[in-house]
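The letters A, B and C name the chains in turn, as written, and every chain counts its residues from 1.
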Amino acid sequence: MPRFVRHLLITLVPVVVVFAILPSVYSNHLLLFNFIICMTLAQGLNVIYGFTGYLPFGYVGFFGAGAYGFSLTVMHLQAPPLAALAVAAAAAVVLALILTPLFRLSGAYFSIANLAAALALLQVVSNPNLEEITKGPYGISLSVFDPTLSYAAALAILAATIALVIYLRNSHFGMALKAIREDPISAGMAGINVVRERIIAWLLSALIAGLAGGVFAWYVSVFYPETVFSVEFTIFAIVFVLFGGSATVTGPILGAVILYGIYNAVGISTPQYFQLIYGALIMGLVMFLPNGIVSLLQRWGIDVP
Amino acid sequence: MVRLSIFAALLASVTATAQAADAPAEIKLGTLYASAGRYASISLPVHYGLKLWIDQQNAEGGVYVKAFDKKIPLKLIAYDDQSNTATAATLYNQLITQDKVDILISDSGSVLTSVAVPIARDHKMFLFDQTGTGATFFTPDNPYIALMADPVSSIWPKPLADFLTHDGPGLGIKRVAILYATNDFTGTQAAAVRKFIKESNSGVEIVYDQGVPTETSNYTVLLNNIRASNPDAVVHLGYAANDIAFLRNVQDSGIKFKFLFCIYPGTENELLEKNLGNGPLNYVFTYVTSSQMSYQTNFGMPLKEFREAWDKKYGDAKVEFGFNSVAGYTTALVLEKTLATATSLDQLELRKAVFAQSGNLKTLDGTFELDPTGAQIGESTPLGQLVLDGDHLKLVTIWPHELANGKPIYPRP
Amino acid sequence: MLVYSLLAGLLFGLYFALIGLGLNLVFGVMRIVNLAHGDFLMLGAFLAFWLFTLFALNPVVTVAIAFVGFMIVGLPLYYLLVPRLLRAKDPEMLSFILFFGLSQVIEAVTTIAFGITERSIPGDQLGRALAAAASVFAGHPVEPGPVELFGQTFPAAWVASSIASGGAVLLVYLYLYQTRLGYLTRAVMDNRDEAIATGIDVHRVSAIAFGIGIGRAAVAGVFAPFILGSITPAMGAEVTITAFAVIVIGSLGNPLGTVLGGIIYGVSYMLMQSYYSSWANLLPYVLLVAILLVRPSGLLGRRVRNA
């Protein structure tokens, strides 16, 4: 059986099936929905960080752009939700295109610039002078509210995202990206079009976050700018990927399920301690296990998707 | 005869047991609070006020529930949303779908309440909105909400605007400057002030009208600009942190505005006095909230008793006593009355019972009065002025005249 | 209005230059992005608050205590965290994440210990100290209170912190150009590998630089309650980003550049607040991105960071 089919069966199918069945047995659907969003964002970040080594600390900017793209389309054009989702994706991709010059910078500079860009977008969107268009700081309240359909859409987006990462893991394109991450100069000499491949990965990553943002707006229908531009989303995505293991398929999924699960179990009752635990966890991971849990498994010889 | 009475007694005991058998072992109250983040300082006091009532009731065996004609203990299920709206939404959902609470009570403030409104409505649960005053929450097509302890923000500033437009011209107030933080709460108050002034045709004009981000903590340049517009009265509408920074900057710059209004010196006066001392607060106009005013009550503890109970229970905690503590207790009193009136725990029945209190319930927060959409139009807060008396600040009520116990000091010396 | 904004921007900007100086040193020497810088600043602010509340200690005295104290804390912290990091494959990114984790830990611990309510120190504390100093120089008693400059009045705290910033820049120059340790530091800043090759104990130099860096952050923190308003454990994050904007605008490694960056930031922020107040918070981010795209080496720098 080809490797990627095996990967599909081990990772994609169980996740989708589980999250499709769970709503009928566990009634806090919003929590399940949040799990799906977390996993989607983690995989999206995985595409850019795991495969190219760039860490967009303002990743939530695409999420917010998607959420607002969706909302503005629904509010001003009275568009049906599925069309609005397409606009959400487009909004995120446009933002990513605008930010491509940032690739000239390296490492930390890129991350900070990206963070600044996301925060700048937040300030623009929440400005009261733009209240007519974006409702400014007073928040959005949408009339399209369809928890079942939006949940299904989210699940579909997650499935597509995981499929994409599986493809990356098993294709030439993915290998090219990893080569670029290790050593761009040698990769260039080997004939890889460094700039183009990197931009494609960047746009894909943004697309994922944009779709996630759009479907989030659809599901919750009431939110403030700070909600969808909250740096918490980026933090979660980064920690999940780090914890699980970057450049793999299961890493971010594992990371999201375990850590977000702990967050909801522990964090709800003692959130301050939770911030402490997360912070300490990040520090510990970076110092002792920078390649995540999956790397432990790989060290023992298991071929993890 | 005897047989009839025995029969009647048997029948009564059977129905009583049947009713008692239907009664739940406890009434589950679900709510959220913020222990950290931007809204913690207005959320924790509300939460503590509610908890005080719950502990009081449980010490006496529970709250009286008319639907089952007995006292049932209260169980509080409360989660911490950390001032984060997304977390709050998940938690509200959890309370309704997992914990299956009987009564849903919102967190404090418009922002943290806003996410509850559609969730409550969707699950057909009546939302006891404690202090979320955003006017958009109350629409004719949503019966599942009512505002408990604050006047709705579109009419809250009316005493301030009325004073400026009625008494103002006589005192020489013609030019008003408005500085507000751009968020649901203060933004809508600013809009209301603007509207009342414009509609009053009193000759009072607005010479400065600016919104700044809620995170603003430095007003030095803004103050200079306000001063340049030469106002007779300055109105600052922000949250507690904004008021603290604003008043401090006013003092540091040496500027003395003839009339200065801020919200939180009245609402959370202990917090502000702790951070600013008496100097910056002297001559400041503010709302006289129920934590500063002793209303005549026909139900529940009046202010003095509540303060004593609070100090006894929370004296050493890190939570300030202020208007928000009263707000939590007010919600509790409405709840108590509701449970004592409603014929069942069905959510629309509860709604009927809540609305039945409108106009009849007088608590330490004032008169509870709702309009048909559930917005609070009672419990209004008069305008007052803080004046230094010896070494502590006294709050003198200025407007409306029927409640006034002093004259305004204008312009400030 | 314009003159006021310019002058206020100057004073305000000098304060941010003070914040940026510490960050600049750390990044210049170790190439490590200290995302926890703002949180050390917050700790300094709380130190000033508690020393004032408990012992009525004037914040000016706390400045010295903060600097020494945090320097002492910084040294072991460096040895604990950094050497391990430098052995990894991608130290720059990982350091970014590591210090981010540290910032979360500091914020969480402080919130647990002190609670979330806003704290502040009365503004006249700095005013009194300034007046006392001014009295010495002027030869006659000076009243504490707002200071007059070019016909405009400013809070005494702003003037005091500008003086402190000026002093800090001076000290940095003295350290870097007049002391042997500073000489070694500059060598490491220039080229780390060559410095190792020449036998310089890079770790020791870096640890001291780190200690000075966070000592500076704490000193800036002492002034924070006066410039920024009330302090809470969560204030660190935004300060860090603004500090980055400032040092990037100015250019890495050059203390004068940080001062320039601070002034540019301060003046533009105040001008925005005067004329377009609701857009004022947008400014640092736009400046940061613009500078990085147009002139990544900063306004005064020659070193270029390219992918």
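The rule is short, and it goes like this: a contact is a pair of C-beta atoms (placed from the backbone, for glycine too) under 8 Å apart; a residue touches a chain by one contact, two chains touch by 3 or more.
Keep in mind that what you see is a predicted model, and the values were worked out from it rather than measured.
**Student:** Please remove chain A from consideration and report which sets of chains remain connected through touching.
**Tutor:** So the chains, chain A excluded, remain one piece.
**Student:** Name the chain whose C-alpha centroid is farthest from the C-alpha centroid of chain C.
**Tutor:** In terms of C-alpha centroids, the chain at the greatest distance from chain C is B.
**Student:** Averaged over CA atoms, how far is the centre of chain A from the centre of chain B? Could you give it in whole Å?
**Tutor:** Those two chain centres are 39 Å apart.
**Student:** Using the average of all C-alpha atoms in each chain as its centre, how far is it in Å between chain A and chain C?
**Tutor:** It comes to 33 Å between the two C-alpha centres.
**Student:** Note the residues in chain B that touch 2 or more other chains, in rising order.
**Tutor:** Correct list: 35-36, 182, 211, 213.
**Student:** Send over the residues of chain A in touch with two or more other chains.
**Tutor:** In chain A, 123, 128, 272 touch at least two other chains.
**Student:** Touching at least two other chains at once: which residues of chain C meet that condition?
**Tutor:** If we look for residues of chain C contacting two or more partner chains, we find 111, 278, 281.
**Student:** Taking the complex as given, what residues does chain B use to touch chain A?
**Tutor:** Its residues touching chain A are 35-36, 79-80, 82, 84-86, 89-91, 93-94, 97-98, 111, 114-115, 117-118, 122, 136, 182-184, 187, 211, 213-214.
**Student:** In the complex formed with chain B, which residues of chain C make contact?
**Tutor:** Interface residues on chain C, with respect to chain B: 1, 4-5, 8, 12, 111, 115-120, 122-123, 145-146, 152-158, 226-230, 232, 234, 238, 270, 273-274, 277-278, 280-281.
**Student:** Contact residues on chain C for chain A in the complex?
**Tutor:** 33, 81, 84-85, 88-90, 92-98, 100-109, 111-112, 237, 241, 244-245, 248, 278-279, 281-282, 284-286, 288-289, 292-293, 296, 305-307
**Student:** So in the complex, which bits of chain A are touching chain B?
**Tutor:** Residues in contact with chain B: 27-31, 34, 123, 126, 128, 136-139, 141, 145, 147, 220-224, 226-227, 230, 232, 264, 268-272.
**Student:** Give every residue of chain A touching chain C within the complex, in rising order.
**Tutor:** Chain A reaches chain C through residues 53, 55, 57, 101-113, 115-117, 119-120, 123-124, 127-129, 184, 231, 235, 238, 242, 272-273, 275-276, 278-283, 286-287, 290.
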